[in-house]
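Here the structure comes first, spelled out in structure tokens, and everything after it is commentary.
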Amino acid sequence: MRVGVLTGGGDCPGLNAVIRGVVRRGIQDYGIELVGFRDGWRGPLEADTMPLDITAVRGILPRGGTILGSSRTNPFKESGPGRTGVERIKDNMAGLGVDALVVIGGEDTLGAAARLNEAGIPVVGVPKTIDNDLGATDYTFGFDTAVNIAMEAIDRLHTTAESHHRALIVEVMGRHAGWIALHAGLAGGANVILIPERPFDIDKVISYVEHRFQTRYAPIVVVAEGAHPQHEELALQSGQLDAFGHVRLGGVGQYLAGEIEKRTGKEARCTVLGHIQRGGTPTAFDRVLATRFGLHAIEAVHDEAFGNMVALRGTEIVRVPLIEATRELKLVPVERYAEAEVFFG
Amino acid sequence: MRVGVLTGGGDCPGLNAVIRGVVRRGIQDYGIELVGFRDGWRGPLEADTMPLDITAVRGILPRGGTILGSSRTNPFKESGPGRTGVERIKDNMAGLGVDALVVIGGEDTLGAAARLNEAGIPVVGVPKTIDNDLGATDYTFGFDTAVNIAMEAIDRLHTTAESHHRALIVEVMGRHAGWIALHAGLAGGANVILIPERPFDIDKVISYVEHRFQTRYAPIVVVAEGAHPQHEELALQSGQLDAFGHVRLGGVGQYLAGEIEKRTGKEARCTVLGHIQRGGTPTAFDRVLATRFGLHAIEAVHDEAFGNMVALRGTEIVRVPLIEATRELKLVPVERYAEAEVFFG
Amino acid sequence: MRVGVLTGGGDCPGLNAVIRGVVRRGIQDYGIELVGFRDGWRGPLEADTMPLDITAVRGILPRGGTILGSSRTNPFKESGPGRTGVERIKDNMAGLGVDALVVIGGEDTLGAAARLNEAGIPVVGVPKTIDNDLGATDYTFGFDTAVNIAMEAIDRLHTTAESHHRALIVEVMGRHAGWIALHAGLAGGANVILIPERPFDIDKVISYVEHRFQTRYAPIVVVAEGAHPQHEELALQSGQLDAFGHVRLGGVGQYLAGEIEKRTGKEARCTVLGHIQRGGTPTAFDRVLATRFGLHAIEAVHDEAFGNMVALRGTEIVRVPLIEATRELKLVPVERYAEAEVFFG
Amino acid sequence: MRVGVLTGGGDCPGLNAVIRGVVRRGIQDYGIELVGFRDGWRGPLEADTMPLDITAVRGILPRGGTILGSSRTNPFKESGPGRTGVERIKDNMAGLGVDALVVIGGEDTLGAAARLNEAGIPVVGVPKTIDNDLGATDYTFGFDTAVNIAMEAIDRLHTTAESHHRALIVEVMGRHAGWIALHAGLAGGANVILIPERPFDIDKVISYVEHRFQTRYAPIVVVAEGAHPQHEELALQSGQLDAFGHVRLGGVGQYLAGEIEKRTGKEARCTVLGHIQRGGTPTAFDRVLATRFGLHAIEAVHDEAFGNMVALRGTEIVRVPLIEATRELKLVPVERYAEAEVFFG
């Protein structure tokens, strides 16, 4: 048996650990030969491969990124005359003697994987999202790393907030789901946490900030990049927000810093963590989870359990149909946000 | 309502986060007054208390240790004339107007808590073990921190192993259960992992080590302090092992270093991480888990759900009877160890 | 003898370590009584003090921030009827029985300290600048911490740059001097480092970036917040730059990301580290340097060597006249920048 | 010109950064061709080489260890019939067309380098010692990394010491010089620091420990592996010490733990950091210093300034004759130890 592996979408610590798990168990336990496809779906579309043996995966466990490269290429958006993306992938797989694919990626990549599987290409998926917003699994790898990086940043800001009397804002990843903000804010002891799921009342944010300034501690605000003010605000702020209520310029962190300075008269500073949340060495949790995902994904291939992805439930790795997996976004539920609210202000 | 809080047993990152969660929600949401008992069971036995208000828990979230202090005092082992430990605790609670206890601790502390609860003292428990060996919960706080510290140590050893051709051994915590060794070894890319649940064959360990020396990489061995050779070995090694097959002097790490040097002729060095696995700032995972345990423990008190402890199941915090909780040790199952074995040698 | 201590200006890891060093040696070795003034010069101006004994400094060594608080209050800019700032400080010191001051701060704070010393108030200074731009000392504490934080951020970006084919920009502190960018960029293996001392040629930056994209690695650009394009650029970019050639909106990092995307057609992302470089626990280098500064500052007070500040020369702590100390900014010299240029492109 | 590079002795974070600096400037600025010799002096003795071009050094800056490998082979201790070690190296260099050597190593390796240089082999040295005990340079790379690792371990122990009332001992590297113990102990806030240069009085150590136990904090003792009791102790302890006053079994850390338990009746626990101090990614200080050493070493080769090693003086890299460099060990002077003693007890 010959199996291709590819990684798609944005960076996420743990991708290499998955690849290593697939390769080690695949070769050693099942005698499967593995082939790496470069740069996500571009690899099978263009038959661009790299060798994927034991030597290729040596030393990659602690490394961020992916030795296979990645891209946002989508086989169903490939247009042009002649063959469709699906046909090209089928032809290339046949040409290379590749029987099945292990596809490591997020919503888009797995969505394409599900459709390819329906089109007759045997696929097993491995879920990947830094944002932890895939419904079918308790956690995805990379999330724990991102949360720890954001938490360490918040830890550093506390002493400055306390001794220098200024509000500090940390903008973290999370366009649609606020999991990183929720966990990092809870772990870092933030005084306010703002997430996309809950449009915020800027007056209430300011009142938390002012309450905090009355103690000798200054406030720390953690905000997901996708958080935005309530619609009531829209009219007033219309210059700064676009048609969807999203902050137009400089991001929501800068917007908050501006509002706090204007309304409280205190200094406010913003840190935008950006891509440092997506790169570098994974935490132990993510390395273990990613490694186990890899081991179980190739086991599913061996069992010919195609059309599934691996998922974490409690401490067990289980199989879930790919279509279910990408059906809906896992958002922060009200009761989890309420836990964080205990510490607001 | 007036509720006492105590922490018992060894250190574990996250204790302060639990206390903070109990206090913040207790005071703010339920109007409960909280009292800290010092040094585990010694506190209620001797009526030694400290104030536990919002100010007392400010800034403690990221700090290891416990502001309440700890001890190994057991109320059922307190001897002497006059009143029993249970009676003294009851009298002191009555004298202080304390209606119930939140008890944060491991097997021993929770075992005592269960018996006190049966004796009529209303108790809610919070499980605490660095070793992750309590059966009733998916994870305990402190474990993730310990695993990350051990993993970072292993990460550092890799470059030396590779370039300096010597075997490196890391001895980690785990007297009865090998969870720290398993997760840290899996996350750190160890070439052999030895745990108490699986008495090891020293010949097999040496063969892994020798196999590894044949590549340009040198071996890294992760060993739980409670790991020990198989009984077949006992006769041969009798000088070095005690009656229970445990290594007599210098620990199992030193024993392995000695055997590797003797049998392979290569240098071997041992690191004993010791208490650095139990102290210092907790990881995000442990801070979130500990905070949630605290929030849910005081909620259980408010609900008068006494005789229970809080536990993690998947992503949910649930209540479990205290007696169940301490019934049996959660050991590393065969299939989890098999996952790690994929990477041996 | 009774000595006041104050900390002025922005946050800088190591302030607490200095305070602890002053207090421990002052009390134990010289029998000096110490008094903390709160919030920089506001403390002596308003006679706002706090106790500063052995207990007050317990446990503060690893903590960022300053237990004394800080502010940007300047005694020579205090206007109003009646007494000048200098007179108020003299009166308050007399009223409190404070004989001399240990002043921990940057250019502004030490400049005021020098003038107060000339006005007859006995002062010893301790230099503090995250930017390492004070001429009289080899290094200032806080700098090493800032550089390590920035380096760790760059480390994380490398794997993403490599596997995801996008340019990554890190904006670090340094309004006038590029030391943090130089050291962090050199330590992190940046492909271009831009500093205020060397206005950059945007065409050259783009050519480095494009050269790098031709390998399988993507470029990482480290830029000091005060870096700016050469004057030749001014005309073309006039909309985006202000009269001083500084980037108008969103910072120089965002400007670079925009230019790179526009000119190379590749994605570019920017991280703005901001205040996380100024807070949190100091590195060993900074803790040792700050502690030694504290020990030697109070020794200078004991020796009545007023009008001086402590400074590092090689491995020795020496005394330097305060006026010399703040005479000119220490900028990155040409030959140090040339060392970094070896690794550009 | 063709130049060989080798690394000798124990592991030390920063070796790869030196190699990268040598290669990048050598090839780009001077057109020098570089050759890697494998495993220290074994490489030139056996003509075992590896290519050392720009590609070979890509990505190695943040990595501990050495891509060249290392060994303790000494060309002057190579015995056997026929040619001496020096002759073999000369012949091999001639055969490979190698004109000069850059030798990166500690006392032994540089000592051999000095003798080879006198024997007519053009050599430039780069000092390497984790212990910081080479007299000719302010600092050596690797030391700052080791100190930070030890400091972070001490940081973790503090919370346990405070809340769990047990003495904690950390044994760090330093067989002859106590620099790591001094800096890590000072940075970590140790209550006692024991170094080889100052044989300790065990009674005094116990009195510090007991004094500390009287506060609510418990003591942390940092001890260099080469520290030992005073000769007065020898008689009493004779069973535990060997003829040189060194602790016989289990190391000095274990010895201290035993004495503290015996004499104070309190629990004491020991951590032996071992090789984790020598491996893994270097700090920013070490990466910058090592990179600059590399740049300046190949510059010295280009200038034909053979027989020298590079050294740090203040913030400058200078050249120092190899023979001077290894003349005497740099020990901790009395006044530096006195700084640390301020914080004892």
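In this document, chain identifiers A, B, C and D correspond to the written order of the chains, with residue numbering beginning at 1 in each.
Convention: contacts are C-beta pairs under 8 Å (C-beta built on N, C-alpha and C of every residue); 3 or more make two chains touch, one makes a residue touch a chain.
Since the structure is predicted, the reported quantities are computational estimates derived from the model, not experimental observations.
Participant: If you walk from chain to touching chain, how few steps can bring you from chain B to chain C?
Facilitator: 2
Participant: What chain lies farthest away from chain A once each centre is taken as the mean of the Cα atoms?
Facilitator: Here the answer is chain D, farthest from chain A.
Participant: Could you tell me the distance, in whole angstrom, between the mean C-alpha positions of chain A and chain C?
Facilitator: Centre-to-centre distance between chain A and chain C: 34 Å.
Participant: Taking the mean of the C-alpha atoms as each chain's centre, how many Å separate chain A from chain D?
Facilitator: Those two chain centres are 41 Å apart.
Participant: Can you give the whole-Å distance between the Cα centres of chain A and chain B?
Facilitator: That pair's centroid distance is 30 Å.
Participant: Any chance you could list the residues of chain A touching two or more other chains?
Facilitator: 155, 158, 281
Participant: Based on the touch definition given at the start, go ahead and assign the chain network to line, ring, star, complete or other.
Facilitator: Its topology is that of a ring.
Participant: In their shared complex, at which residues does chain D touch chain C?
Facilitator: 21, 24-25, 28-29, 58-59, 61-62, 138-139, 144, 147-148, 151, 155, 158, 183-184, 186-189, 217, 281, 283-285, 287-288, 291-292, 295, 313-315, 339, 342-343
Participant: Which positions of chain B touch chain D when the two form their complex?
Facilitator: Against chain D, chain B makes touches at 7, 10-11, 13, 15, 39, 63-71, 149, 152-153, 155-165, 168, 216, 249-250, 269-276, 278-281.
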